[in-house]
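Letters A, B, C and D name the chains as they come in the text, with residue numbers starting at 1 for each one.
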Amino acid sequence: MNRDELVSYIPDTFKDKVQLLDTGRAEPFFLIKAENLLEFSRAIKDDPKLHMDWLSCVSGVDTGEHFEVVYSVASVQTKIRFDYKVVLAYDGAEIESVQTVWPGANWHEREVWELYGINIRNHGNLTRFLLPDDWDQGHPLRKDWDAPDFVRMPEK
Amino acid sequence: MSESRGLHTKEFTLNVGPHHPSTHGVCRFVLKMEGEVITHVTPVIGYLHRALEKICENRTYEQIIPVTDRFEYCTAMSCNMAFSLATEKLAGIEVPERAEYLRVIMLELNRISSHLIWLGTTSLDLGALTPFLYAFREREYILDLFEMTCGQRLTFNYIRPAGVSRDIPPEFIPKCREFIDMFNDKIDDYERVLTENPIFIARNKNIGILPPDVAIAYAVSGPALRASGVKFDLRRDDPYSIYDRFDFDIPTRENGDCYDRYLIRIQEMRESTKIVRQAIEQIPEGEIRGKFNKMNFKPPAGEVYCRVENSRGELGIYLQAADKEKKPLRVKMRGGSFNQLQVMPVICVGHKIADLVAIMASMDIIMPDVDR
Amino acid sequence: MKTLIDGIKNLCIGMVTVGKHLFRRNVTVQYPTERWEMPERSRGIVVLLSDQETGELNCTVCMLCMRACPASAITIEYEQGEKGKRTLKDFIVDNTICCFCGLCEETCNFAAIKMATMYEFATEDKESLIWHMDKLQEMGRDVPYEKPVRKKPAAAKPAPKPEVKADGEKPAEPQPAEAASTGNTAADPAIANEPEQKPDNRKPDQPAEDQT
Amino acid sequence: MELTGIFKYLYELLAATGLPEVWVDIIALIAAGVIVFGFLALVALFLVWLERKFAGHAQQRPGPMRTGWHGWRQTIADAIKLLQKEDIRPTLVDRFVYFWAPVVVFVAAFMAYVVIPFGEGLIVSDLNVGILYVVAITSFTVIGMLMAGWGSNNKYSLLGGMRSAAQVVSYEIPMVIAICSVILFVGSLSMVDIVQSQAKIYQWYVFRLPFGPIAFIIYLIAGTAETNRTPFDLPEAEQELVAGFNTEYSGMKFAMFFLAEFVNMFTVSAIGATLFLGGWQGPLLPSWMWFLGKTMFLVLVLMLFRWTFPRLRVDQLMEFAWKTLIPFAFVNLILAAVMKYSGWFNW
């Protein structure tokens, strides 16, 4: 399945759950709603034409306006690769864990929780991970994060 | 250790690391053990967390390249490559032909040097000290080649968006050819010491078996995945740069144990020399860097996830750029070791503490890759 | 039984291989007494280059290296005379946070800053790793370098005037025209000539520049 | 100079002074003990240096080079450094056990030399149970290791101590059985008798087909395990157990463990040379040179083992001892008995 087919296949299959983001890139990018996340993830894994069995990476993003959580998925069998993301407001940012679909999501989600403060429902093991156990200085990858020993590059 | 009455044994919590000779950096394992048998493993990471992703949000695109060097320092070239690819994809930059060849040569040499580190540390972890030094001896040749080209032995800062930083010096090609000519013999040397050695086989065969479905579910990539019998290599299956022009094999094995992972990496070193040999024969003359505004590069808004196959598997960079900003909005680095370490609790249970060391070594986990 | 004999045979093969290495030449050198010859491109410590004949610094205070530095290890202090002409007051390289990436050398259009092949600069305290202009110049005195070849002298522009080159070449401009060979385009001169704000001295312990 | 009979000379010298016989005996023994001790201390220092040089050259690097000619003073410098070091004792150790463990190991290592014939007549005391005495004394080391492991109050040390106990006890058995097959032919436990029974080169037990070479190989393997060297260095497997039973030791006490290890290596080689390679027997050269040469050859073989092989896992180690070595050793013993009884190859 090449890119063009994929770009038409996914919106056709999943209808209004998914929206194609046209950001003019080589690889297709989809936007889905947070409440559809788990359902969509399972569907693309089970879909025989897609068979997205490989979760490369879960990246949290703070754009300065809202949070995004980007899922980069691929398939070992069909060699398809695309990304999709959910957009979350700052207040009460929360998503469903996709561990039941891809067990490897565990640590990636923990990282998103830890560094952005996005709550992961049904994760089961949200404990400190990259940061020290007694860390109490907030979520470092948020744009508004500041700590006394953090020095930004001087604007030149 | 044992309770007074009967054969009741108390569960024993052993803290391996963070400063333990065999944890490849500063990783800690909290082991629950019954005697010498592991019943539960909890990796504790974060000792090497350098906040590289936060630093990247605070640098211009050219300045991020030295930061990516520190991401996974055993294969800094592929980190440079992944970030450069992401930037190029984002802004639609063309890369000159010669630069592509130089990139492939460097990436493959770097893969060999990384596998040599793995070979050395693996044999060291299993108690054989001599192959360690043999591996490092050959690695020095490669590092000399790198230093000759880009001036550094470890943090190369060589592959840049739109090309590479410098052209190779004239003595590079002969030296490189000399290296790959002698290198296959050296691999034979390592194999004579290790491959058929009954002690080495006893330590590695049927240890840490990683079934293919578990490997895929946990997104374990690279040689560890191929040792489980899944023929998946990004150089073939999601080709980047000019890998589609070279003729090389992707070795796979069936069992997915430590011994297979060892054989796969040995075989991969041989395949890499093939690629380097083809590349230095085909390399054209020409420009080495396309158009790229070093100081004021401002890509259009967008986001991209780019992945390359490095010696530990899939190395991905997720890059999101705000519109007309000199600094990216988000750089996420995904290293192969992250997922490899994640699968450790699954495959270590039931093995001995000595096997943990062997499995860790065969997975080729290095901590900067995990902690970033 | 067969596996046992095979095993012993293979153990012996390994021992012979190692045994053979006993009689090979050593590949290591005795470091302080013998040294490798560093390749010319090797990126060691940062030095400032001087003109071979006049002995003055090549630096034109264009500030490009300071902007290029990903670690903010370079601080340039200057005085701004009339017509925006700058004279160098001090050039500070903080070796505690320098990450040896070589970007300063690459951006410099005047062969004023270079990463020399020297690599031994260990000291006993942190303070003496912050090098000032005189030390940098001293270190760079004997470093060989190639003067950038100018294809055409750029049109005169009221720009910071560097010291006059001894070979009678026109005063160099912070113009990246000669960088064409590598195809890069550095900052355009207008930006380079903007009056710079002096960046705050950064704390040396900032978390960013760990040498790993 | 021919060193043969030096003890006899010493003895006669003392007897001439007219001291009571008891005192003569005691003084002669003490003098011999001091000589042997001094010699062994030198040997241990030399072996440490040799090991490092061997490792260096096997890995294509020169090894220690700075102190003296090819660094020959390196171990002396190290020993002095270790002696000067602060003796750190962790708070929660069992003081008594912690203190005496290195002493036990050290003394046990040296005591074996009472019966080792360094040359013709160069033996401190030719006990009629010589080899039995050696076997008994060398197993003392394991008590020291257990003491160190237990006394250190450290999990790594404890695991290391446990492993070494299990290992040494297991490998003692095939080793003793291999030795038995030699004793069977000699008909005596005395070390001097053993050497004298192999006067001609074809009489060396290693050449007495078919049982000789097998016994020799079994002895060498078990001996490597006894001395805790790679591939059997599990008690101190640094990748798993940091440094095993001596993790918590420093300075002088560590040096004692370290030297004892090398002395043990020399013991195993010396006994191997005595039992299988004809001891001091050999043409032309003085007997002590033959003995040292043969011992050094075995030492080098052990070093080659160490620098070539990976390490076994602890259960594989046990399996190897009980399922491979011991059956082979028994079969070999029976073979030797049959040969002895029937008179085949009984030259």
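Quick note on the criterion: contacts are C-beta pairs under 8 Å (C-beta built on N, C-alpha and C of every residue); 3 or more make two chains touch, one makes a residue touch a chain.
Since the structure is predicted, the reported quantities are computational estimates derived from the model, not experimental observations.
Novice: Going by C-alpha centres, which chain is most central here?
Specialist: Central by C-alpha mean position: chain B.
Novice: Could you compare the number of C-beta pairs in contact for B-D with that for B-C and name the larger?
Specialist: Higher C-beta contact count between the two pairs: B-C.
Novice: Of the other chains, whose C-alpha centre is the longest way from the centre of subunit C?
Specialist: Ranked by distance of C-alpha centres from subunit C, the top chain is D.
Novice: In whole angstrom, what separates the CA-based centres of subunit B and subunit D?
Specialist: 44
Novice: What is the distance in Å between the mean C-alpha positions of subunit B and subunit C?
Specialist: 28
Novice: Averaging only over C-alpha atoms, locate the centres of subunit A and subunit D and give their separation in whole Å.
Specialist: Taking the mean C-alpha position of each chain, the two centres sit 63 Å apart.
Novice: Let me have the rounded angstrom distance from the C-alpha centre of subunit C over to the C-alpha centre of subunit D, please.
Specialist: Averaging C-alpha atoms per chain gives centres 57 Å apart.
Novice: Where does subunit A touch two or more other chains at once, residue-wise?
Specialist: Where subunit A meets two or more other chains at a single residue, that happens at 150, 153.
Novice: Residues touching two or more other chains, restricted to subunit C: which are they?
Specialist: 11, 14, 17-18, 21, 27, 67, 207-208
Novice: Using the touch rule from the top of the page, what residues of subunit B touch 2 or more other chains?
Specialist: 51, 58-59, 130, 134, 137, 193-194, 197, 199
Novice: Provide the residue numbers of subunit B that touch subunit D in the complex, in ascending order.
Specialist: Where subunit B meets subunit D, its residues are 1, 12, 14, 20-22, 36, 123-130, 133-134, 137, 193-194, 197, 199-200, 202-203, 352-355, 357.
Novice: List the residues on subunit C that touch subunit D in their complex, please.
Specialist: Contact set of subunit C toward subunit D: 4, 11, 14-15, 17-19, 21-28, 30.
Novice: What part of subunit B is in contact with subunit C in the complex they form?
Specialist: 50-51, 55, 58-59, 62-67, 69-70, 73, 96, 130, 134, 137, 140, 144, 147-152, 155, 157, 162-163, 165-166, 169, 189, 192-194, 196-199, 287-296, 368
Novice: Would you tell me which residues of subunit A are touching subunit B in their complex?
Specialist: 23-27, 29, 53-57, 59-64, 68, 70, 72, 74, 76, 79, 81, 83, 102-104, 106-108, 128-132, 140-141, 150, 152-153
Novice: What residues of subunit D sit close enough to touch subunit C in their complex?
Specialist: Subunit D residues touching subunit C: 54, 56-62, 65, 304-305, 307-309, 324.
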